[in-house]
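Provided herewith is a single structure, encoded as structure tokens, for subsequent inquiry.
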Amino acid sequence: MLETFPNPRPGRPYLVESVTDEFTCVCPRTGQPDFATLAIRYVPGERCVELKSLKLWLQGFRNEGHFHEDVVNRILDTLVEHLDPVWMEVEGAFARRGGIETTVTAAHGRRPQGV
Amino acid sequence: MLETFPNPRPGRPYLVESVTDEFTCVCPRTGQPDFATLAIRYVPGERCVELKSLKLWLQGFRNEGHFHEDVVNRILDTLVEHLDPVWMEVEGAFARRGGIETTVTAAHGRRPQGV
Amino acid sequence: MLETFPNPRPGRPYLVESVTDEFTCVCPRTGQPDFATLAIRYVPGERCVELKSLKLWLQGFRNEGHFHEDVVNRILDTLVEHLDPVWMEVEGAFARRGGIETTVTAAHGRRPQGV
Amino acid sequence: MLETFPNPRPGRPYLVESVTDEFTCVCPRTGQPDFATLAIRYVPGERCVELKSLKLWLQGFRNEGHFHEDVVNRILDTLVEHLDPVWMEVEGAFARRGGIETTVTAAHGRRPQGV
Amino acid sequence: MLETFPNPRPGRPYLVESVTDEFTCVCPRTGQPDFATLAIRYVPGERCVELKSLKLWLQGFRNEGHFHEDVVNRILDTLVEHLDPVWMEVEGAFARRGGIETTVTAAHGRRPQGV
Amino acid sequence: MLETFPNPRPGRPYLVESVTDEFTCVCPRTGQPDFATLAIRYVPGERCVELKSLKLWLQGFRNEGHFHEDVVNRILDTLVEHLDPVWMEVEGAFARRGGIETTVTAAHGRRPQGV
Amino acid sequence: MLETFPNPRPGRPYLVESVTDEFTCVCPRTGQPDFATLAIRYVPGERCVELKSLKLWLQGFRNEGHFHEDVVNRILDTLVEHLDPVWMEVEGAFARRGGIETTVTAAHGRRPQGV
Amino acid sequence: MLETFPNPRPGRPYLVESVTDEFTCVCPRTGQPDFATLAIRYVPGERCVELKSLKLWLQGFRNEGHFHEDVVNRILDTLVEHLDPVWMEVEGAFARRGGIETTVTAAHGRRPQGV
Amino acid sequence: MLETFPNPRPGRPYLVESVTDEFTCVCPRTGQPDFATLAIRYVPGERCVELKSLKLWLQGFRNEGHFHEDVVNRILDTLVEHLDPVWMEVEGAFARRGGIETTVTAAHGRRPQGV
Amino acid sequence: MLETFPNPRPGRPYLVESVTDEFTCVCPRTGQPDFATLAIRYVPGERCVELKSLKLWLQGFRNEGHFHEDVVNRILDTLVEHLDPVWMEVEGAFARRGGIETTVTAAHGRRPQGV
């Protein structure tokens, strides 16, 4: 479902950051909805992710049950598999539950110096 | 009372941050309530902390008397004991008393590079 | 427990507003703590409330169980009884539970024009 | 599904405001999710709405298709039917689509003076 | 080009507000682009404006030359013609030129009480 | 020096607001520079003020000495003379001197209802 | 000590607002310093207050003991006596003590319409 | 079209940053306008860019179709060609589409230490 | 006058930060009051500073005359003498005088890595 | 015109930062005023700059024509000449012209570690 396109400037390490506050999935214990602000940052390798397909793919989590720590790592793993980036980081800042706000951040590869 | 669960992605050093502005304990000198915003940040080792049990455990400080410097180090020590994290930091930002706001920050272990 | 003192300027309708973000009580259903920002606004009649006694009296709710709608009206009723103000308003903005923030505002008497 | 309880202070016109930024439904044209911050303000009549049941009822819109103008009026109508409030206002601030943020606000009854 | 649809709740005076910070036209004197945040607020009569057609219609100003005072009144006039609202207000906040930020606000009809 | 142009919509009472934070003049006592944010709000009569000429005219105060209360009323008087507006307000918020920020606001005519 | 000068535009009701966050006096009970942001707003009558003398006069409260409700009314009374304004309001927002922020606002005369 | 002038202090590595929130181009797929805040940061070599010509050159993208990743790298390449800077970075923060905000950042050369 | 107590966790390098916006002293040239926000940050050695005594000691500067650069270094020297910390930093951000805000920051010792 | 005084703590590398948003000069091309926020940061050597003389000296640029890149480097050069600091940085953030805000930052010497 995720579409990609060739990196228009493959020789240069540059940064792409996409942020959405419209991510929602379901708590696997209680079945109640969770909400998060999701940030995806990467230095493209051969390919970039097409934004409309990214949006639709993220919407697919809407009715799935996932723990916070799990869903962030899972999004990272799938994007890495499709894009093979030089470096990628996924950060999920989940809305307050029981008075606690939890943010999970995972990365793949090594961020190039100066990027 | 603190429950833990197995780290779903043990091979990757990633960051979990939980923040609450609903921490309260009691001043051991005056018996009057103190309020703080508490941030717990860690790179999980074998286990993660379950959030509901974290909330209930933190509520247990409500009527206990503790100095600022002491309670932050004590929370860190107990969490480290239960989770054995790669790295953990606890920051307590206490509400203004006598015109002064005090923040205490303590850490355990070495934060991995790039996390 | 609430102390009062004579209004230093009884002939003039003027406004006193006291706000605290350190109000906490307990949910009567679940026994878990609730947190609120409480604002008390009044036009004094014969007497003003002494602030230190107000603080101590509000601390007395710490371990009592009260519904949001109830505790705001109860604080208003007690303060009105002790101060007999020209006008008084109590607003309690309770911390988010289940993704919902609830504010209850109750008033006594008629706010004088131009105050 | 909406539960109510008796107004603890029926003789006094006071204000209750509940706000959530976790409301989501589906666009009836495109099938894609919409997100909104929803504010419900009312002066209770004989009954108040119980917050946990309000949360669960609002979650029920999650996979339903509704136009912005329609869903706000519909929420107002249903709450009015269950609570028969002195006055009620529902405001839905919907997340940006095509560069436009749209807010719909509808009310029932007449807001009492000084509330 | 502007599409409308029937007001889903014609018997109730309620408010619709649409705001975009992506409005741009051209200065008729210098030919250089102007940028504005545009807010459209109205109480619908028989019909509401469809948001996608509103977006596309506003994009049509992109390469047209208009004075600030003129374009705001013109947008109001056209929307009133298509929607025949009970009340409508258009506010254009134009980006700083020569150190001056200018906002033009025009309205049609009388805003109903309590809306 | 102030240029005007015919009001493009003379039959409708609408609001024009121009704000600049680049106003500066000189203190008549000490000879040192004063800085202010100046807001000019008006409902046009027969004519509107051209913005570039407004900017240049306001620059003319740069090396003149004026008291705060005086310069705001003087700007209002001159603009009223050139534009004969239905209503006009001039607000000057002067930068902090001796720890005090002073704002002077003067108006001419009666602001039409609903504008 | 307060100096005044003739109102440069006595025929027009306009607003002067002076705000300082450098007001400090002493608590008459504990002898410890209190801090406040003080706002003085007035519509001048025959005379305006000179700002440097206002600053110096306010500095005179530095080592005096005053209750919040008292000092605000006292500043208002003295300024009214020196300026005989059409309308004047004094607002003192005192720094948090015991978790409570208190604001006292008093006025003299009737604020003219449209000012 | 881009004009340059000689660096007035060629012996010292210093930073120039120009930011505009008035950048707009067109989506090459849908033909609809995109909006971005563009930041250009550089350490000048022999020449600096003249700001008015920079503004006019950036306006030239207004009706051109470009992908986000492409236009940022293209602006960087052209500026590098004209200025031959010691270091340059271009950052484009594009307005939200489908609930996602995307920022692309590309750099040329190595930022000198301490700048 | 400064009281200290034994560091409750002497084996761990952790951070204590105390901030007050209620610091005031007197300008030694003009005799007029100065206001500052003061931040004290340190990694405790054998002893921590007791907060109430810190507050009272800082109040002692209220009527003393000090230059900005001098008073910050002096506070640092005295605290270092009493606490012998691993590292300490004092930052004084002084309120605007003559349109200029000045901040002085001085440190003692070497901040441990990772704190 | 710039006055200096002996560094009161010459043995310690500490930071002094002075910021003013009241800097203005004239564009050498158009003759129109430019406005900037100017920050001067330095680690003093043998001498510190006296603030009142700094203010008066900066006021001297008021009616002089300077390019942005030039005036920042010129201020740095003159201050370095008078103070011979260990390290100094001058940052000028100029007000928006043609929709572009430009900031120029230049430094002299090497900032000491830990300051």
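Note that the chains take the letters A, B, C, D, E, F, G, H, I and J in the order they are written out, and that residue 1 is the start of every chain.
In the analysis below, a contact is a pair of C-beta atoms (placed from the backbone, for glycine too) under 8 Å apart; a residue touches a chain by one contact, two chains touch by 3 or more.
On a predicted model such as this, the values are computed, not experimentally measured, just so you know.
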Minimum number of chain-to-chain touching steps separating chain C from chain F: 2
Chain pair with the higher count of C-beta pairs in contact (E-H, I-J): I-J
Chain C and chain I, separation of their C-alpha mean positions in angstrom: 36
Centroid distance [mean C-alpha coordinates] between chain I and chain B, Å: 27
Chain C and chain H: spacing of chain centres that average the CA atoms, whole Å: 54
Sites on chain B at which at least two other chains make contact: 21-22, 35, 95, 98-99
All pairs of touching chains, each written as two labels joined by a dash: A-B, A-C, A-D, A-H, B-C, B-G, B-I, C-D, C-G, D-E, D-H, E-F, E-H, E-J, F-G, F-I, F-J, G-I, H-J, I-J
Complex contact set, residues of chain E against chain F: 67-70, 72-73, 97-108, 110-111
Touch list for chain D against partner chain H, complex: 35, 95-96, 99
Chain E contact footprint on chain F (complex, rising order): 5, 7-9, 12, 14-22, 44, 48, 51-52, 54-55, 114-115
List of chain G residues in touch with chain I within their complex: 21-22, 24, 32-33, 35, 59, 62-63, 95
